[in-house]
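Chain nomenclature is as follows: A, B, C and D, assigned in order of appearance, with residue numbering initiated at 1 for each chain independently.
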């Protein structure tokens, strides 16, 4: 269950405080010239320690590609890469050996496997997501060549909601604030709010909105292969994610069919829709419009306050976290959401090649 | 892409107006005595024509099991079943040949495959979900023997929201109202609202809340095999579904970590949590609490009003639906949500058998 | 485990003496005009009762396609088909309830599932292969349009071996003899031999040789996706199959590398090989030559002689078969081998569409 | 297509002359104490340079496990391991850039991907099999605890065939000869023959016979999940493999049903068979007897003689190999065959846990 995808498959491995984390990306197109700077920049966007709002853990997150590249190009064989864990202060986690942290996976992993690597959460740590960002960067590079672009931003932090829809924002501006919200005023509010939450030793969640632009008509498949079902599975697979919606989603439930249907019309002899409440997907298949969706994240479970808990032996105890953690995971989660969206998109782009149309048969 | 599941796999087939729909359920336990009445009752719950709130299409939805049963018991080999399409008024749909219905899959299917069965939406019709309910009924029967119960209800219709959480409702009362909301007063409001929407020739969406009770600790897997990611994929695979959240979800984004963490304690020497904001899952793995989640549905796209559209040849046209459709899909979607939850649960229950714990190795 | 294939997937169901057998073929190209006569003819080739050499069970084997076809063409959605079991003399099998037939699956199914449908072998019966022939017929029709042709013939029956390699035979002549051997003199010997074996109440095995012609370069994948590994899995999945080899195979083990290597040369500016000991595959990937392989079948286990056995309760007993069975399964297995080869070929042909070459990236 | 298995999955990566090869083994049981010496010994058995009969390439083949182990035990999360390529004389292969080696994958990889890593065969090199041996060693350790043992030996080299069946050999003696044949006299003949072949600059193939002992009844599944079909796929996935048979196989085709059927009897109130022509499998499911099978390997394609070939640009040329290669791959392939058998066995052992029997339902 550590593999994601159908014909493009990412398999990841590694624990928070093991020697390395890494992954194998199989089914990737041949001949892509690797843009090393792009990869580095993507890793930088997820990296801990990038601002006062994020954990102080310090990792280079240098990606070492050990197979599938030849003379700088992908060869169509599996791309494997490893990332060294450098700043793993396992000492911080010795205390974790004897306590189940509330709302963490310590208890469930122990019950499921009868053994757990307690250091930094082991396999359940969000450290694993660095691997996804690396794989996603490769997918983005390929998709860009096909005119497909993916961009995410923080649209809500706690009670603070970005007031404009994505269509009225300049998404590239998200990178200009440490909270990755492209609406400058909201970004400042979010930043102040997270600082306050941090000073309280507490944590806060929110939403990320992401958009996939330039998609061809025809990605996704009927019934169980719907494009948005793949996105949902991808997003709910990210640590701390609690929800997903796309298009009209949860926020338009008060609106009627007559308000939400997307009428068809023609522009330059192409069939297009006048609105995009459908979120770019009809019947599970992309219709050429932007695919946009939201991802909800709960507050990080590690708070700097005393909490009630239980030891693995079943004794009541209390627990106060010592490690380094983010007060709000949202800003660093943006590249993770984008990476998972890129994996889904390229997987379905490749899958769509297997569909032979009437005119081709 | 017409197969769902890992070691328990449902493959479905059939179009809205073909001769049959049906499915193959592979990997199902041997030895289950089929409770025919239970199966019939589940089909009845999804069936069209069950109340004034639903489409008038009249189908028996009699499930004919043609393999995998011997002397009334399952044999461990594939269970195949077919359901005859009886009341398929394809005449109603002749007009659909020459128009893409707004917010339906007519356009995307045609573009993807170069051909479409326009009668009643063909494969994209929600008629396929009858097959899921049949398969889900079998799963429920097995899960009940293991003490696992799944119940869903309509928690929102348009602007009308059930005011109480599921923990304060008697879920079995949902079946007593045609809208399947267990809160009597809200149910009456919803019913009246849907009637009004219907009289306007319009449609409305809402949410279903579902609960899985009696789950053992340990279902689900790290990283890409998270129990809630499988649920999300299952739910987003249902027609008209636009969103999914579980546990604290979208509605608790204003709350902090200190408010949402589930403290551990012990009861009768078992490790339990004091609250269940996590929705019964930590790190992707069930912790023994109730798993609860919400599913958002958009309004049915078929409305009895003139809409702008385009023909397959790219000519602008208008379209007014003639067929029989639900003003609100929510009441009939309850058994579908439950069925998909049952498939996910049994699949992961079986998958969990493959995990060898430390003490067993 | 009742599904075969990657992006083209066949799921089958049904027992020997149930009401129907059938299958679902998912991922099939859209737009293929179904040639009903071709399908019927393929079914006829596998059908019981076609000559004095085969079982007298009499089945029409009429294939009823119940989804995925519209106005005679495939639509890209799942093709489901059912075949009624008509001449199922379950009475013949009542005796089987209380005995494990030697070298049949009665014992292993009972032990694995704790229950078995004893009538005619239930799910373990070769009756299931009719479904494969139906699905294979559809694949063959598509492959023929791409210039790919598959032909098999009986190359050995017991000690009688066809003396010429396939390259010196006219494969289409196989259909002119009831044993499906294209070498007329050998065919007569085989026929006489099988008649004798039948008169002894005994059974005999042999080999089928099959050839896939017209393949493009590039089907199959490195390491675990080798084209010949998929063929091997497909063939060993056929009832009574005991072995598979391709190219130089088992019979050239005495020959050296210098004798078996296929030197490259050019013809009309194309790179080709002078010989084809490789069997058309190098490194798991087709090289444009014919792919040829052999499949070994054991004698049918049902013989009309008294054999020692045991009852399900563990009592020693004897068993003499009463049902209708083939003295030699080889002639009827030819279309099954071809069908499985067609499924593998089209699956890999579709998979190859997902591989993006350097020049396309 | 670089992943093998169902619930136990091995994903491999790496090229012959890249920096590392490695793999990820997912779904492995938790709690296994790693026996490092056993792992080293298995690697040693496959390692190049172990005798005068094998290639002189010198690799430590030290396996570095970088995830999934905690305090010496497996944790149930993915086991990832890497092996450094040390003695990769890529210089030897510069010449390969401009020629397609006969009966190698140079041509097919280039055509499929439009690019190839020509150094040492890149991904198509048998160097990848070191990863399988490492993964197989872990599986063997677990299986041994369950009383399941796997042993292989060289049963044929060119025309020299081991005269006794495995049941009359002491399999552990295979390790005492450099050719890994447990029949001392035959081993000496094989050794002399390979030396002669080597002196001629030529290569030779043969067969490996392998046996799985101690299997429970019930591994494998009907139709497409047959235990022997999985073995066949695993074996044909090994470089240079041309064939597979099991039980009576190709060599008993002259024998009749009455001679090959395995009569049932009882021993100590257990149902057993008097003979084992079935090779321990009936209807695809293990029956508790030994599973035994043969694997045919062609001669290694690299010979030290001038051969005709073609350049990637389509010019005729000649080619004489310079690199270091085995005159006969069989002795080193024994641990690879065993490893693949171990992967199949543990995968199906785990899969069998998902089957709920009548008595358990």
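Definition applied: contacts are C-beta pairs under 8 Å (C-beta built on N, C-alpha and C of every residue); 3 or more make two chains touch, one makes a residue touch a chain.
Predicted model, so just to flag it, every value in this text is computed and none were measured.
A.B. asks: Return the chains common to the contact lists of chain B and chain D.
C.D. replies: Chains touching both chain B and chain D: A, C.
A.B. asks: Could you tell me which chains make contact with chain A and chain D both?
C.D. replies: Shared contacts of chain A and chain D: B, C.
A.B. asks: Sort the other chains by how far their Cα centres are from that of chain D and give me the top one.
C.D. replies: Farthest from chain D by mean C-alpha position: B.
A.B. asks: When the C-alpha atoms of chain B and chain C are each averaged to a single point, how far apart are the two points in Å?
C.D. replies: Inter-chain centre distance comes to 39 Å.
A.B. asks: Calculate how many whole Å lie between the centre of chain C and the centre of chain D, each centre taken as the average of the chain's C-alpha atoms.
C.D. replies: One centre to the other, that is 26 Å.
A.B. asks: Taking the mean of the CA coordinates per chain, how far is chain A from chain C in Å?
C.D. replies: Whole-Å distance between the two chain centres: 45.
A.B. asks: Any chance you could list the residues of chain B touching two or more other chains?
C.D. replies: 1-3, 12, 27, 30-31, 73, 76-77, 112-115, 123, 222, 351, 355, 357-360
A.B. asks: Taking the touch rule as given, give the residues of chain C at its contact with chain A in the complex, in rising order.
C.D. replies: 7, 27, 29-32, 73-74, 76-77, 142, 145, 222, 350-351, 353-361
A.B. asks: Once bound in the complex, which stretches of chain D touch chain A?
C.D. replies: Within the complex, chain D touches chain A at residues 1-3, 9, 11-15, 18-22, 24, 26-27, 30-31, 66-68, 70, 73, 75-80, 82, 112-117, 122-123.
A.B. asks: Residues of chain A touching chain B in their complex?
C.D. replies: Touching chain B: residues 1-4, 12, 100, 102-105, 107-109, 111-115, 123-124, 128, 156, 158-159, 197, 200, 202-207, 217-218, 221-226, 228-237, 242-250, 252-258, 260-266, 269-271, 273-274, 277-279, 281-287, 296, 298-303, 305, 307-310, 314-316, 351-352, 355, 357-360 of chain A.
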